[in-house]
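Take a look at the structures listed below.
There are two complexes below, and they share chain A, which is joined by chain B in the first and by chain C in the second.
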Partner chain A sequence: MQSKGNASQKNSKNSNVKKKLIPYLFILPFIISFVLFFAIPAIYSLRLSFLNYKGYGQAKFVGLGNYSSLLEYSAFWKAVKNTFFYFLTHLVPVMLGAFLIALVMQGKAMMRMQKVFKPVIFLPQIVPVMATALTFRIIFAKNTGAINQILGTNAAWLENPATMRWCVVLMVVWRSIGWFMVIFLAGLTTISKDINEAAIIDGANNVQIVTKITVPLMKPIFLFAFVMDAIGSFKIYTEPNIMIAGTSTLTTDAAPIMNIITTNIRGGNFGMASAAGWLLFLLILIISVMEMLLLRDKGTDKG
Partner chain B sequence: MNKRKIIKIFLTIVLVLISVIALLPVILMLFDSFKTGSEIAKNSWNIPKKWTFSNYKALMDYNSGIMVRTFINSLGISTIYTAITLIVASLAAFAFSKYRFKGNKVIFMLLLITMMVPGEITLPAIYLMFSKAHMLNTYSVQIFPGIANVFCLFMLKQYMDSLPNSLIEAARIDGAGEFYTYRKIIVPLCKPTIGALAILTFLGKWNDYLWPSMLLTKKEVMPIMVILPTLNTSNSTYSIPWELILTGCTIVTVPLIIVFLIFQEQFMASVTLGAVKE
Partner chain C sequence: MKNKTVKKALAILLGCTMAFSMVACGPDNEGGENKAEKTEDSTDTGTGEKTKLIGMCWGSTETYSKLSDAILAENAELGDKYEIEWVLGGEGDGEVAEKIRLALSANEYMADIAVLNYTQIPEFAEEGVLNDLSENIKTYESDLTPAALNLSKYKAQTIAVPFEVKSKVWYYRQDIFDECGVDTAAVKNTDDLIAAGKKIQEKYPNSYIWNFGKPTAGYDFYMTLSGNGAKFCDDEGNYCLSKDEGVRKMLEDYKKLVDAGVVMDVADWSTDWEAAFADESIVSTLGAGWLGQDSFLPTYAEGQKGKWNCTTWPEIGGTTAGSDAGGSVMVVPTFSRHPEAAAEFISYMCLSEQGSLSCYDITACLPINVKAQENDLLNEKVENGFFGDSIINAQLAALDNLAIFNYTPKAASEQDIVTEYFTKAIYGEMSIDDALKACDNDLSTAIGNAYQ
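And now, the complex of A and B:
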């Protein structure tokens, strides 16, 4: 360029402003949709949780009233208990099962078979939750259900309060093992083979290698898996509702916390529904933080 | 036989058993969709005595074709939702990763923190907002809530951070516009991550039952997952037509399984997003 006059200087100033605007233009669609469809609804639901509001007419400020009536409401505590039941009972079989399967598949003996078994065991995860819940509803159906056909019984698995929640847990375990197996397999492949070989030379046996080397090295993966699982489990909804109740109302003997939210929305108690939502968030937060504290890397504790 | 071989055989048997358990309910669903209601009641587990397509035909005709309609709804909603989510997130990720601007870090941190808050919290508020705008029972109410996905943003930014800045500088020297750089250089390089996120996002939407069951009452706009548990007919052997429901389950499952078999690696890689540092 030969003529670097005033005009081009102005131009470059203009293009400077333009340049500064560009990143904002790129984030604008995200920020707008975030504000409109997450931030505003979240703040609104926080406000709702302090109101008595039917969706029309005057909203009445009730302070912590919604929260305190939830905490005094026996159905809420039943729902908390059920949610913890689903969470605690599935945790050990899913995590231990998935980890053991991953260990076996990563072992020298099974390496080559991985290609066949891995997708098959992962497959339940691909079946939509709705299809799984309905199929299991039929499998556990009373009188002529598939399980009763095998056992030659006519038990009412899904109607009996003693067994219905266990049926849901069975389904959850069936569905989630493959998911965590894949996560653990990915974690196992990051552990260097040299470490294991060094341990074998030092005379460590297989059990020692797993408990002293593999498990400690996998801690970050376990943490990820446990927190992801907790976040999902406490929001459990479709599984118990469809499997036990179909389209009718789920009994409080099996209803999770999400049901407190949905029944209150259906009943027009938007304040109560919002308060239950925030209590659920608090619960998830507490459990996740507890898991992080339990599983965090304690550095050089055990060398 | 040496000890090694015995262990190998034992472990193979264990894995075969687990695989059978993983497959059985899916196979039962598939087989029973070709049986009559009365055969299911007697014989759920066996191969159908006489393969019949009558369930599939009955499902097509059910309630003047509502199943076909809602299947297309599900497909359309999930596809559009996934596309918008990823476009919006990748545009923002590009800016957060490759530009320095005022508020860059603060805004990103604030967004990350909100990942702790489950979206379900907004359900009562979303219901009221859309109800007041007379937009319940629309496709919009199914597409827009949750469209700003911080997880996708975070994953894409992380991946873009690993791409060398020299690529972008080279493009700039060549006179490429900023959007052109995003579209023709960054997006193609992010394909593996975009693919994995697309699978997760699509499956999440395809599976969703809670939100549409709360926000919709008009059957014509519903996704198929909400219709599926409500199937009933007067001329079925039992009060609930298991054969129809299992056929519906097969219809929403088989396309996914076929796609899964083709893209196995990508599906399983999507699970480990965020779990393992590559």
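And now, the complex of A and C:
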């Protein structure tokens, strides 16, 4: 009897261990790839950021030298300014535009047309960014560009420091709206219709429903969208480089932080490139945390 | 309890993996044994098997493959010993340099031959990662132009085989110049060039004699800087552009051209640039020999065959001498598996009379070998060309004046920084003084010292 009891105890212990191990086994492929392709390279790049190293030969330890050089480098601060410009100027039109389009799509009037409009608005996201940038480069070209041909002007959209970044923003907005519209649409479907109906019975109008019910309930979705957008915006690279510079070097008047990284890699300054990468990471982290603090659901936190 | 054990085990496993990888990926501070240095070498054809050489180039492998096939077909001895495969390193020479760095970093083999611009040579030569080619160059030395010999050397080392000498050539529309009464032989300096541009604009108000984009292509500046003895730093590697007369003179003359309105503000390789040749907005351009290849002007300005002509540059920035990056060269990195075979092959391909002629036949680049330069094939081929025989004559004339810029091991990073300030200076967005001071400041901050 006792041996039977021991055996069943052993079996249940074994099954407990298995139960605990199985989830880890499921996530093991991710953990291995995360460690191999992200964690190790990231730690290695942190180490590189303290070295003067071109990938071969002698590596010289320079302490915080690469960081201090970057902070004294005028092109770095211009790049920070440009990156913030791209981030801030596209944020409102993309988020507001995508949210409004999602609201319209969800409305009764558009229910039938959703199948047509949704893919059309999402389409720019499917087009490779390289192709889009080249197309916009042609559209904004000075002498042969479509915009100048239509307007009958000869404006140097992509050469003038005052307009070149706005052209990039326009393209980013055009590309991003569809993506965030889909995210917001998914978020809107999670809001129960009962709540809206209750609000209507209580006499709320459409604006009140959106501002007092939809927006507060969409906060977690907004948080996700804002954080994802911040990460993407701070890593912007292809759009300005292909659209403004083409095959030459992008002017610092429009170059984002990623250019500091790629320029240093191209020049064999891996230490400086890594330092710039870590400063960019810090910047994204700070912005993301700020967005999380601003958009967190305080009621839920307290609860 | 079990849960804690599993977590501990996972943590230890992760820690070990990271520590192992850090050691494995770590830079070779000790200058340890280079795996790639172990060559399988070399001309081991005793078994009858051919030695396979890998070459890395940029742009496209097509021309190089055609060329090496032609060489192996015409030279039975080489054909019996070697087979060549060309791989693409990237769109530009900088990407090939990046690949070399990565291969050196990983201590791994990548290719036996690499095509580079001379711009990158100082970096790799200073690090001693290019094989010595002095014996191979010596074989052909008496048949090489001084320009080609210069391209094969860096300081006291002979580490490169010149493939394409990029001398300066002035391309212009002969028909329009004739119509406007402009004689290029009378255009001796910057002021004459401006006067010529103005004369053309009297009849063709929307036509220009050159183009500087925003940003202007780096080679536009370096073609002049290479000739007038400009230097970005002193012998100790401290940046001092603001004190260099050559840089200042180049900027002053380029600014003069911009201010006179004879230069179009369109960037090279842009849609507008290509269209400007076709619609006759650009009726002349000062470039290097490679711009005469079939894939460039003859493509953009199709239908203008026979209307273009070539000559040497007038004196701009105080010089008629110079080059675009000196030229492109082939090197044998230390990670090559067959260094001797690679050196033998590229020397024959680029430097011998027959090899040089094949190069010309396939790439239209000026032959490196002087005997090949006198060969009738040169005249036979150009008869059907876009520029007639003027391009060869202009290149040959410019060859005596070919000079290479004082590139430092940090040349790639330097170019990225100075090009923008130079563009701002010539367009008057900054004064020349401020631009040069800003260059010094940024170069010192971002790079530090040119030689360390």
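Brief remarks on what is shown
One rule holds for everything that comes next: the second predicted complex is superposed on the first by the 263 of 303 C-alpha atoms of A that agree within 3 Å, B and C clash if a C-alpha of one lies under 4 Å from a C-alpha of the other, contacts with A are read in each partner's own complex, and residues count from 1 in each chain.
Rule of thumb we're sticking to: a residue touches a chain if its C-beta (ideal position, glycine included) is under 8 Å from a C-beta of that chain, and two chains touch if they have at least 3 such contacts.
Remember, predicted model here, so these are calculated numbers, not experimental data.
In the model built by aligning both structures on chain A, chain B clashes with chain C.
Of the two partner chains placed by the overlay, only chain B lies in contact with A:178; chain C stays clear of it.
When both complexes are overlaid on chain A, the residue A:144 reaches chain B and chain C alike. With both structures placed on the common chain, the touch criterion links A:131 to chain B but leaves chain C unconnected. Of the two partner chains placed by superposition, only chain C is touched by A:54; chain B is not. Look at A:156: by the touch rule set out above, it reaches chain C but stays clear of chain B. In the superposed model, A:258 makes contact with chain B only, not with chain C.
Of the two partners, chain B and chain C, it is B that touches more residues of chain A. Contact with chain B, but none with chain C, is seen for A:123 once the two complexes are overlaid on the shared chain. When the two structures are aligned on the shared chain, A:24 is found in touch with chain B and with chain C.
Legend: residue contacts after superposition of the two complexes on their common chain; A:246 is shown touching both chain B and chain C.
Comparing the listed stretches 203-211, 293-301, 347-355 or 401-409 of chain C against chain B after superposition, the clashing one is 293-301. Shared contact residues on chain A (touching chain B in one structure, chain C in the other): 20, 24, 31, 36, 39-40, 44, 55, 138, 141, 144-145, 246-247, 264-266.
In the complex of the two chains, the chain A residues touching chain B come out as 20, 22-24, 26-27, 29-31, 33-34, 36-42, 44-45, 48, 55, 101, 104-105, 107, 109-110, 113, 117-132, 134-136, 138-139, 141, 144-146, 149-150, 174, 177-179, 182-183, 186-187, 190, 221, 224-225, 231, 235, 237-238, 242, 246-247, 258, 261-262, 264-266, 270, 273-274, 277-278, 280-281, 284-285, 288. By the touch criterion given at the top, residues 16-17, 20-21, 24, 31, 35-36, 39-40, 43-44, 47, 51, 53-59, 69, 72-75, 137-138, 141-145, 156, 159, 245-249, 251-252, 263-269, 272 of chain A touch chain C in their complex. The part of chain C that touches chain A in the complex is made up of residues 2-3, 6, 10, 14, 17-18, 21-22, 25-29, 31, 91-92, 94, 97-98, 101-102, 104-105, 123, 127, 129, 213-215, 217-218, 265-272, 275-276, 281, 410, 412-413, 415-417, 419-420, 423, 438, 441-442, 445-448. If you check the complex, the residues on chain B that touch chain A are 4, 7-8, 11-12, 14-15, 18-19, 21-23, 25-26, 28-29, 32, 40-45, 87-89, 91-92, 94-96, 99, 101, 104, 107, 111, 114, 116-129, 131, 144-148, 150, 153, 178, 182, 203, 206-207, 209-210, 214, 225, 228-230, 240, 242, 245-246, 248-250, 252-253, 256-257, 260-261, 264, 267-268, 271-272, 274-277.
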